[in-house]
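Below you'll find the structures, each written out as structure tokens.
Presented sequentially are two complexes of chain A, the first with chain B as partner and the second with chain C.
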Partner chain A sequence: MDWDTMISYLPLYKDALLLTLKTGWQGVLLAFMIGVLCAVITHLKVPVLRQITGIYIELFRNTPLLVQLFFLYFALPKIGIRISAQLCGSLGLGLLGGAYMTETFRSGLENIAPIQSASAQSLGMNGLQTFRYVILPQAVSSSVPGLLANVIFLLKETSVFSTISLMDLMFTAKDLIGMYAKTIECLTLLVIFYLIMLLPVSILGSIIERRLRHAEFGN
Partner chain B sequence: MEQALLKINHLHKTYGDQVILKDFNLEVNKGEVVVIIGPSGCGKSTLLRCINALEDIQGGEVLLDNEPVRKENKNISKMRQKIGMVFQSYDLFPHKTILENILLAPLKVQKRNRAEAEKEALELLTKVGLADRRDDYPRQLSGGQKQRVAIVRALCMHPEILLLDEITAALDPEMVREVLEVVLSLARAGSTMLIVTHEMAFAKAIADRILFLDNGEIVEESNQPKDFFKQPVTDRAKAFLKTFDYE
Partner chain C sequence: MPNLGIDVLFKGTNFLRLLEGLWVAVRISLISVAISIALGLVMGMLMTSKNKILKMILRLYLEIVRIMPQMVLLFVVYFGTTRVFGWNLSAEYSAIIVFSFWGVAEMGDLVRGALISIPKIQYESAQALGMTQPMTYLYVILPQAVRRLIPLSINLITRMIKTTSLVMMIGIVEVLKVAQQIIEANRRTSPNAVFGVFAVVFLLYFLICWPISKLAGYLEKRWA
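Let's look at the complex of A and B:
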């Protein structure tokens, strides 16, 4: 192992990490917003929008992110829509993640016992109040484990960004290997940097989960 | 003659082909405690759920103070506020503390002043012996304690009538008493209640009027609960009460 080389690569990896994080979190944030919106649409059975949501989910869950990115990056310019590689990354990740987040939120909503809305209604709450004060908070906290799994999954998926020449961690590693053939060093650094990015998320996740235990059902 | 507080006229309720309640009629006067007993699946719980329109009904009407209680009506939330309900399963909101559980509807629905509502909630909690649990979460309480909180939560809305749906059925035997004591004290204080229960001794002690329900209709009705339990008139009621004897 050539330590000096590894140390000299550090600044490059650091820049790549920042770019990956920025694009990744933008995507996660978008996914989260899409997820809440679509889950509520599905749960409240809003006509028309619900069907559109269904098509969206199936389309994005059943196609690889790579293909989605190629569409955004290489196909859209052909019809005159040109967006930057970074925006493509965030958008693609957000759309893919949105489909997953929707399913996670939806199952959180469905897991709430019907007696909860019955008891809220019997206290005179209307549909909106029942949803806002009783259903949604419980759905969010019971979805937390699934949501965190999604976040970690999405941040790992950023490795596909390298295919649309976004200089993320994966791209940097491949590039350096191609130029200097320090394969082991580059790949080891790659693993370390992915861990730097994702371990805190995992740890933060288990802390949040523990704090949300109060929202558990029954005994 | 006194005007009935709650009137149920020709109520008809079906699930698919199955008839749950057929042409059901009932009047409950202010201050009256009506207890409904009957075998499982006879429509007791469904009846209570129909009264505050938690169920769709296929015919008839429910009137409270001569105003219809209908799911489709704009005033349904207003009407439900007048009808307190406590369920068999613990139905507290698990993500809120005991005090927040009680205050949620008074603050958000009735838009009451927080200090005033909180004062009342604490008074009621003290009455049921749970004031020291105000900041606990429901999961930290026993079943009997949760049910007492559920009663307080319903009372804090100042309902005109309370519907109690087998509120002790899911409790351990030693917890039953603490909950029923609370209900007894409410009856003594003049609350109007419609109670579904399997606790026969309790029914006998609390009821002004007893209804025996089977297959969605009133089989026997008595204003003398003690006589009813000693000497039911109909064969079906006799057979039902016999199932509680171990002699």
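Let's look at the complex of A and C:
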């Protein structure tokens, strides 16, 4: 182990970490929005849109992110759609994550007992109020464990970004190995930086999960 | 309608090569799944054991696998361990090692979930009938747990197939790599091939994974 080399690499890894985090969180945020939207569409059984959502989910859940990114980054320019690598990363991650998030939210919505909406109705709430104040809060809290698992999964998947020449952690490690052949040092740093990125999310996840259990009632 | 270069695939043996590449990916994942299921069953049973230290070690193993991207694990095994221990490891073996390492943890967790979902009374009744512990597992617990496990392990297969797309990064020539080769070879004659070929690869993955995940969903509903 060559400690001096490792220390001299640190700034490069730090930049890569920041880039990974930035692109990753944009992707996660997009995934979250797509997920809520699509889950509501499926839950309310909106015609046409529902079928489109279904196709989208099946397509993106059953193909690897790597292939999706290649398609977005290398293939789309041929039909005139040109997007930067970074946007491509966020977009690809968002689309992949959206498909997973939809499933999570949907099962959250489905798990709410029918008595909840019946009670809300008997209290004189209209459909929108029931959805906004009764169904959605419970659905969100019951889908939190799934959501957090998805977030970790998505942040993990960012390692694929290196293939579309985004300077993320993986890319930096590969680049440094290629240039200086300090394989062990580079890979050790790589593992450490992924731990720095994902361990807090994982720990935070279990804390939030415990907290949100209180929001459940009526079953 | 511009030429989208799908015709490139029908030149010579291009399409056949693509399918061969796909087979490489599927083969790696099937071997890894077989290993994962066999060892995962053992791991799951160990995870339900009462030994605190053993439980903690397995928990740590699971968390590491959950947190580390598979790509990092591939690099560590293929470039890292070969450097540290000085052995020779082919890319395909490294891939199988990594996917099994990952699969055993995931499978173990699924098995653990299935085992603890079986009511305690089943264990107690088996014991009351004078069954030994291996007998209890073999004749009472596992037959019930397997029902829950089959859909979940089928899902694991699709996840593995999807993740095998990463092995091109350590130099295995699988479907994505073949696609790149075809695109590069025809760069001059049909510059738009990149669209058609990647679209076909996208569809190929979908056509493999979709039926498998549908089957898993169907079994899950039926056996729930």
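Note that the second predicted complex is superposed on the first by the 216 of 219 C-alpha atoms of A that agree within 3 Å, B and C clash if a C-alpha of one lies under 4 Å from a C-alpha of the other, contacts with A are read in each partner's own complex, and residues count from 1 in each chain.
The criterion applied here is as follows: a contact is a pair of C-beta atoms (placed from the backbone, for glycine too) under 8 Å apart; a residue touches a chain by one contact, two chains touch by 3 or more.
Bear in mind the structure is a predicted one, so any value in this text is a computation, not a measurement.
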Which superposed partner A:Ser159 touches (first chain B, second chain C, both, neither): second
Which of chain B and chain C A:Ser141 touches, first, second, both or neither: first
Chain C versus chain B, contacts on chain A by residue: C
Partner chain in contact with A:Tyr133 - chain B first, chain C second, else both or neither: first
Touching partner for A:Ser8 - first (chain B), second (chain C), both, neither: neither
Touching partner for A:Ser84 - first (chain B), second (chain C), both, neither: neither
Chain B versus chain C as contact partner of A:Ser122, first or second or both or neither: first
Interface residues, chain B side, partner chain A - complex: 49, 52, 54, 77-78, 80-81, 83-85, 87, 89-95, 104-105, 108-110, 137, 139, 150, 153-154, 157
Chain A partner contacts - residues on chain C that touch it in the complex: 2, 4-5, 63, 66-72, 75-76, 79-80, 83-84, 158, 162-163, 165-166, 169, 176, 191-192, 194-195, 198-199, 201-202, 205-206, 209-210, 213
Parts of chain A lying in touch with chain B, wherever the complex brings them together: 113, 115-116, 118-126, 129, 133-134, 137-138, 141, 214-219
Footprint of chain C on chain A - complex, ascending: 58-59, 61-64, 66-68, 70-71, 74-76, 78-79, 152, 156-160, 162-163, 170, 173-174, 177, 183-184, 187, 190-191, 194-195, 198-199, 202
